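Next come the structures, one after another.
Look for chain A in each of the two complexes below; its partner is chain B in the first and chain C in the second.
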Partner chain A sequence: MDSNLLVQYGPALLRGFGVTILCWAAGCAIGLALGFVLMLLRRIEVKPLRWIIRAYIEVIRGTPFLIQLFLLYSGGPAIGLRLEATTAGILGLGVYGSAYFAEIFRAGYQAVPKGQVEAALSLGMPYGGILRRVILPGMLVSTIPALVNMMAILTKETVVLSIITVPELMYEMQTMAAETFASFETILGMALFYWLLVEAVSRLGRRLETRMTRFLSHPSNARA
Partner chain B sequence: MKFSVIVDALPHLLGAAVTTIWISLLGVLLGQVIGVLVCVARQSGNRGLDMAGGVYVSFFRGVPLLIQLLLIYYMLPLIGIDVPPLVAAISALSLASGAYVSEIYRGSLNAVPHGQSEAALALGFSSATIWTRILLPQAFRFSVPALVNELILLLKASSLISVVGVAELTRTSQTISASNFRPLEIYLAAGVIYLAINSALALFGTLVERRLQQG
Partner chain C sequence: MAVTDTPTASVQRVAAADDTAPMVTIRGVSKAYGSNEVLRDIDLTVNKSEVVCLIGPSGSGKSTLLRCINFLEVYDRGEIRIEGQLVGYSETTPRRRLSNAELRGLRRNVGMVFQQFNLWPHMTALENVAEALVQVRGLDKIAAAERARLMLARVGLADKADSYPSRLSGGQQQRVAIARVIAMEPHLMLFDEPTSALDPELVGEVLQVMRDLAAEGMTMVVVTHEMGFAANVADRVAFLDRGRIAAFGPPRQVFHESPEPRLTQFLQTYHERNSF
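Moving on to the complex of A and B:
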């Protein structure tokens, strides 16, 4: 590639990368928080509430992310929801992720041994304390691989935001490709870049996983 | 909200949904072929084949589908193959799904007891016969639920091929809402159609799984 091109488009690509990271981080944060709340709400013994949350999860997981984005970004104004592209993108990522995170958390919650919760209850711990000190740490350990996997998937989904004109890396790259008529080279470069990015996220995740579960592999902890 | 808009657009949307369905089916079928080949290559014991397969799987699972799609869309004309967007789209979907399918098969192969292929070897089966008669049929059985799941994922992913102008469900919704200025209604309808197809597939998957478990 021409080094002039890099000088000319470098800043735009860098800015785009910043937007990508911002969307990914904010989307993950919203998704994790919303997913956790959904999981907690789902445990409340009120049937209609459970149905609504279940329907929400099924709808989000059963429809393409792109359609959800279009609904939010193009369909939103019809019901008074006028969002900027980047805001819509972040919100879209968050909502999309929340359904998957909620399911992951649900599995994690169920994996926490019941006896631990009962023991905490019998020791007189309040529910908030049990949640924070007993359930959350247990959940975190068992759900980390799935959470990391989902975050890696969300890294890839940020690319879709370019379609609703969020000025992230893919969008800047397409602008560059169109202006320089060097579509193939640019896209090949981008493919390699994202390959590394997703690989890096997964690697970091695996390291985190070993760190968080290091005490599990200890022989004295082998007895469940 | 005006439901008459949806009613007017419904024939077009349903027609486009059929396109989405057959493209995804074709993608998953070709993906099966690629996936099985890659899986066999990786288990063949040949280091070169194993590495090539590994790179293939890593690339197609690591790079966002949208980029793969554009890559194929711009690459084929460059090497002299001028293809319609539809062919590029189906190639991208099959290649991506092939990577996931090969991993599904790899997992299922591990579930086939090792003693079976050893017994077959001892009885003088050729390795091709072991693959086609013993390993693959069982691996297929074990992987049916995951494969139905893969079809659902591909059906959702196929919305991305709207970008290269294939008139499937998402593209058609875009075209219609651009002309009647009713994106909310149209995209809602499209979402419901996607959901209906995927729910039907999921139900089908459960039925097949139950049937396979019976015998």
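Moving on to the complex of A and C:
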């Protein structure tokens, strides 16, 4: 690769990488929070509420992220929702992720043994306390691999944000490619960036998983 | 039938303060899953400091009855009262089912020990015992830990305070579960087949803890297959068969003098199993 290109475009690419990470992290945070709330709401025995949430999840999961993003960014102003590109990108990523996270949390909640909740109920513990201290830790153990997987998928979905002109990595790369015609190098470099990001997320996930399951009897983490 | 007029209810509450008033009164309790009647018109009274064992073949309804007492299981008809307080339903609005939040006041005084221990696996033995002390009794963390340590010592597990459940034997786990309950100073303890999931050599240590509790005057309702425990520790034994109490009385009477053929047949299986 021409070293002049790196000097010229390096700062913009680094900035783009930063924006990518920011969008991803904020999108994941929104997605996880919203997904968790959706899962809880879905447990309330009110039929219309359940239908609405179910429809939301089905629609989000059943349509391409690109189209959702367009609707939010370009269609938003029609209903008075005027968002700046990056804000729209983060929000879109969060909404998209929330449908998947809600399903992962649902499975995790169901996987917590009923007896553990009954034991807490029989001691007179309040639901909030049971959720926080009994259900949530149990859920995390069984859902971390799926959550990390979804978060890794979301790193790659951030490239779609370039379409609505969010100045993230993909956008900066395209600018560079258009101005220099060095498209092979840029695409290769970009692949490397995303691979690094996904790898970092997976490693973090594995570390978290070990931490969260340290109380289980595993030959690998048995103490003398 | 639920109490509909409040005067009766208040009389009941006054009676509850009296030491001779029963701990648990079960009257005409029935429950069905569709057409399958699991409890039929059960009447049972448990007095203070009394140990009542529920025995019977599997599917006879004994665990269901026990779980109705703290309303983990909903009963359809009749009424259950603990210290005069109606379990699971509103005193003022007939048959309005109480939410888990409304049941908290009652449940904090009724401890339950489960067949599968149901310890929280991500907490150490100490944390398992301390949790409800903080959340329900409102103790601060230090006081709760101190009390939890004391309770673990009572069940002979002082040295296991920092162990996670996965590092404990079944018998030890069940003793932690008992410590978790007695830390709350319950007025009544329910045991749902507490030794059925244990290896035979671990049953003794759990039964010993239960014997100690009985000797200290704890009111206990115990669903069990340990006929020896029922015969030696229970004040009264109820034999359930197909959702009914088919025999009831002091252990001697139930085990040796009952004319009930189903009971004789049931006890015969134990004699056969233990004759080798």
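The working rule: the second predicted complex is superposed on the first by the 216 of 224 C-alpha atoms of A that agree within 3 Å, B and C clash if a C-alpha of one lies under 4 Å from a C-alpha of the other, contacts with A are read in each partner's own complex, and residues count from 1 in each chain.
One rule holds for everything that comes next: a residue touches a chain if its C-beta (ideal position, glycine included) is under 8 Å from a C-beta of that chain, and two chains touch if they have at least 3 such contacts.
Keep in mind the model is a prediction, meaning the values are calculated, not measured.
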Field: chain B versus chain C as contact partner of A:L147, first or second or both or neither
entry: neither
- request: See if chain A has more residues touched by chain B or by chain C, and give me that chain.
  value: B
Task: Check whether A:A102 is in contact with chain B, with chain C, with both or with neither, and answer first, second, both or neither.
output: neither
- prompt: For A:P126, is the partner it touches chain B (first), chain C (second), both, or none of the two (neither)?
  reply: second
Task: Once the structures are superposed on A, label A:I79 by its partner contacts, choosing first (chain B), second (chain C), both or neither.
output: first
Task: Using the touch definition from the top, say if A:K156 reaches chain B (first), chain C (second), both or neither.
output: first
Message: Applying the document's contact rule, which stretches of chain B touch chain A when the two form their complex?
response: 1, 58-59, 62-68, 70-71, 74-75, 78, 152, 156-160, 162-163, 170, 173-174, 177, 182-185, 187-188, 190-191, 194-195, 198-199
Task: Would you pull the chain A residues touching chain B in the complex into a rising list?
output: 58-59, 62-68, 70-71, 74-76, 78-79, 156-157, 159-160, 162-163, 170, 183-184, 187-188, 190-191, 194-195, 198-199
Field: Residues on chain C engaged by chain A in the complex (per definition of touch)
entry: 70, 72, 100-101, 103-112, 114, 116, 118-124, 131-132, 135-136, 164-167, 177, 180-181, 184
- prompt: Mind pulling up the chain A residues that touch chain C in the complex?
  reply: 113, 115-116, 118-127, 129, 133-134, 137-138, 141, 212, 215-217
